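The two complexes that follow have chain A in common; it is paired with chain B in the first and with chain C in the second.
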Partner chain A sequence: MGERIVVDAKGMACPGPITKLVKAYRKAKSGDIIEIYATDPGFKPDLEAWIKRTGNELVEISEEGGVIKAVIKVTAK
Partner chain B sequence: MTERILVLGAGPGGLVSANLLALHGYDVTVVEKSEYHLFQPGMLWIAFQGHPPEKYMRPVKDLVKPTVNLVQGKVAEVNLAERTVTLEDGRRLDYDRVIIALGAHLDYDAVPGHSSLVEEFGDYFRGADYAARFWSHFKAMSRGTLVIAAADPLYKCPPAPLKAAFLAAETLRRRGVKDSVSVVLALPFIHEYPSETVAEIVAPKLREAGVEVKTMFTVDSIDAENRVIYSLEGESITYDLAAVIPAHKGPAIRLLPEEARDDDGFIKVDKYTLQIEGYDDAYAVGDCNNAPTSKTGVTAHLGAEVVVERILGFDSRFNGRTNCPIVTDGEASFVISTYDHPPIPVKFSIFKRLLEDAFIASYWSSLRDPEKWSPIFRAYFEATDPSRVGGGW
Partner chain C sequence: MCGVEVFDSVKQLGNGEYLQFLTDTAERESMTKGLAVVMFSGEAEKFIPLGVLTSTAVNLGMPVRIFVTGFALPYFTKNKPEPRFSKEFEDMVPALMEGMKRLNLPTWYDMLKEAKEAGDVKVYVCSMMAEAMGLKKEDLDPIVDDVVGATYFMSNIEGYEVIFI
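Up next is the complex of A and B:
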């Protein structure tokens, strides 16, 4: 089992959330789960582009009360 | 007794703070490790267009008002609870208030192979001598691939790699070798710029300049021997010459208490007052703090003005304003945003390039005599406030 890394990027405007994700991804190992929370509406398309490029797995993406939650499984490292 | 204010660092944030406070009669001491102040954007012009380094350097002593005490030394420790600053040579300084303006620490060890790369070719971040070293390689380049990349999405002056690419392409064109040298701009962002609004404006200009853009390329390691850069996202680029922006961290000092810093070592401040969390006698301005705005000379300058006004008793607030110039061959645009307003669309024009040249020409004077320039800058910043010109400029 990998580690679960929680990243809080709420209240950060573009490109804050992706910046935080890249920082977390640098430290992550294969099998880790990155759970990121963001409020920037631009985060969703950015994340999808990032997943497509890096080939990691998007396990879950949901939105509740203006907060986007994304769960990513690190598979490409 | 006159209040003793200690200003750590003589970059734009430190100099503006010190010179304004001296004007108001405070007992101000500036601690700076270097003898010279470097206009940091000048490194782009040194590295990619061969400007002489001296053009962008001035002795620190010529940039402080006569009543400012200047201490040459390197800060080792700041103890916020004890109100003391210790220098590397052991000297200890006490203060009534402290303004930390030590900038960001450039970490060339974060990415394997980076220190070999920068020692071989130089770059446009580490210092004027490294920029001159880069030029000595770039000016002789007549074929192959020039790669401009970054080790992390967070670095000083967000448009820096774009400016580097534009200036490099211009030099190659003038030398008549643009067709045999490819300029590859590899960026850690989703688009050509962190803000999509700005990316849409800058993308056609990059195409026009013949710059090849690779997005989502965050440098993970450099094989300096075989000249390959690998990205965190799983790609690689082969280079003949490369400049990689290093990872940025908070200042390399001991800061007590340790909770005053975030995970990357940046000093935690209230983003409006720039006061260090939990201390009403300590501030952090410019690149060394964690305020959610761009790390640039403009934000340091404006932040310093806010801190000085607060010390004078006014309820000033920093709005996170940026004014990052993007220069191409003969034109410029600015990345204008605040905490409350994302970057607005600002078209490239010759007029904005003249404006940027005027800002650069006023740089030294605006540090030594900020009070003379404040009304002009204020008029400019008010006229171009994103809430006023949100539709574009």
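Up next is the complex of A and C:
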């Protein structure tokens, strides 16, 4: 079982949330789960592009009250 | 991995896996190899996309090569002039500054510095412009990696997306 890493990028503007995600990703190991929260309106398409480029797995993405929650499984390491 | 090894491992794949392999390879190869930025302008607002695009490229795992020339060069020295915005859009500056402060955005310099720490980013100063402005290597900001000519820059960005700012 991998670790679960929670990243709070609420209030950050582009490219802040992705930069914060990448920081956590660098330290993560294969099998880890990154759970990230963001409010940037461009976060969803940005994250999907990052997932496509890096080949990691997007397990879940949802939005509630203007906060986007995404769960990523580290698979490309 | 060399071509023959790849071919041998591909031969062992089933039909579906082989198709997926081809799709993945095609997608990877159509991806941009890197980002090259020719930073010429000296207006303060033009440094925002420099910071944002550099940081984004690093987030996507792309190398970035920045060629600093023209009116941008003084902002890459130890003796930076005051930031100045375009006269044309002067009326928009207060709202922009206020919004950026509200969002707590890092400065272009901090974005560049952080991108350099996190990824493969090189900042080159144009040797011709440095000469023209009478700048020596020791006058340049530590963020600068080297003083090079256009030939060196161009021969090191093969296959990169080039942006002129």
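Everything that follows uses one rule, which is that the second predicted complex is superposed on the first by the 77 of 77 C-alpha atoms of A that agree within 3 Å, B and C clash if a C-alpha of one lies under 4 Å from a C-alpha of the other, contacts with A are read in each partner's own complex, and residues count from 1 in each chain.
We adopt the following convention: a residue touches a chain if its C-beta (ideal position, glycine included) is under 8 Å from a C-beta of that chain, and two chains touch if they have at least 3 such contacts.
This structure is a prediction, so every number in the text was calculated from the model and none was measured.
Visitor: Taking the superposition as given, does A:Val59 touch the first partner, chain B, the second, chain C, both, or neither?
Guide: Touch partners of A:Val59: none, neither chain B nor chain C.
Visitor: Tell me which partner A:Val67 touches in the superposition: chain B (first), chain C (second), both or neither.
Guide: Neither chain B nor chain C is touched by A:Val67.
Visitor: After superposition on the shared chain, which partner residues are touched by A:Ile18: those of chain B (first), chain C (second), both, or neither?
Guide: both
Visitor: Quick one: is A:Gly42 in contact with chain B, with chain C, with both, or with neither? Answer first, second, both or neither.
Guide: First partner only, chain B.
Visitor: Should A:Val6 be classified as contacting the first partner (chain B), the second (chain C), both, or neither?
Guide: Neither partner.
Visitor: Quick one: chain B or chain C, who's touching more of chain A?
Guide: Residues of chain A touched, chain B against chain C: more for B.
Visitor: Shared contact residues on chain A for chain B and chain C?
Guide: In chain A, positions 12-16, 18-19, 22-23, 26, 49-50, 53-54 sit in both the chain B and chain C interfaces.
Visitor: Provide the residue numbers of chain B that touch chain A in the complex, in ascending order.
Guide: 152-154, 188-190, 194-196, 216, 218, 220, 232-234, 264, 292, 342
Visitor: Which of the residues in chain C come into contact with chain A in the complex?
Guide: Those residues of chain C that touch chain A are 31, 52, 55-56, 58-61, 103-105, 114, 118.
Visitor: Give the list of chain A residues in touch with chain B in this complex.
Guide: Of all residues in chain A, those touching chain B are 12-16, 18-19, 22-23, 25-26, 42, 45-46, 49-50, 53-55, 76.
Visitor: Give the list of chain A residues in touch with chain C in this complex.
Guide: Its residues touching chain C are 11-16, 18-19, 21-23, 26, 49-50, 53-54.
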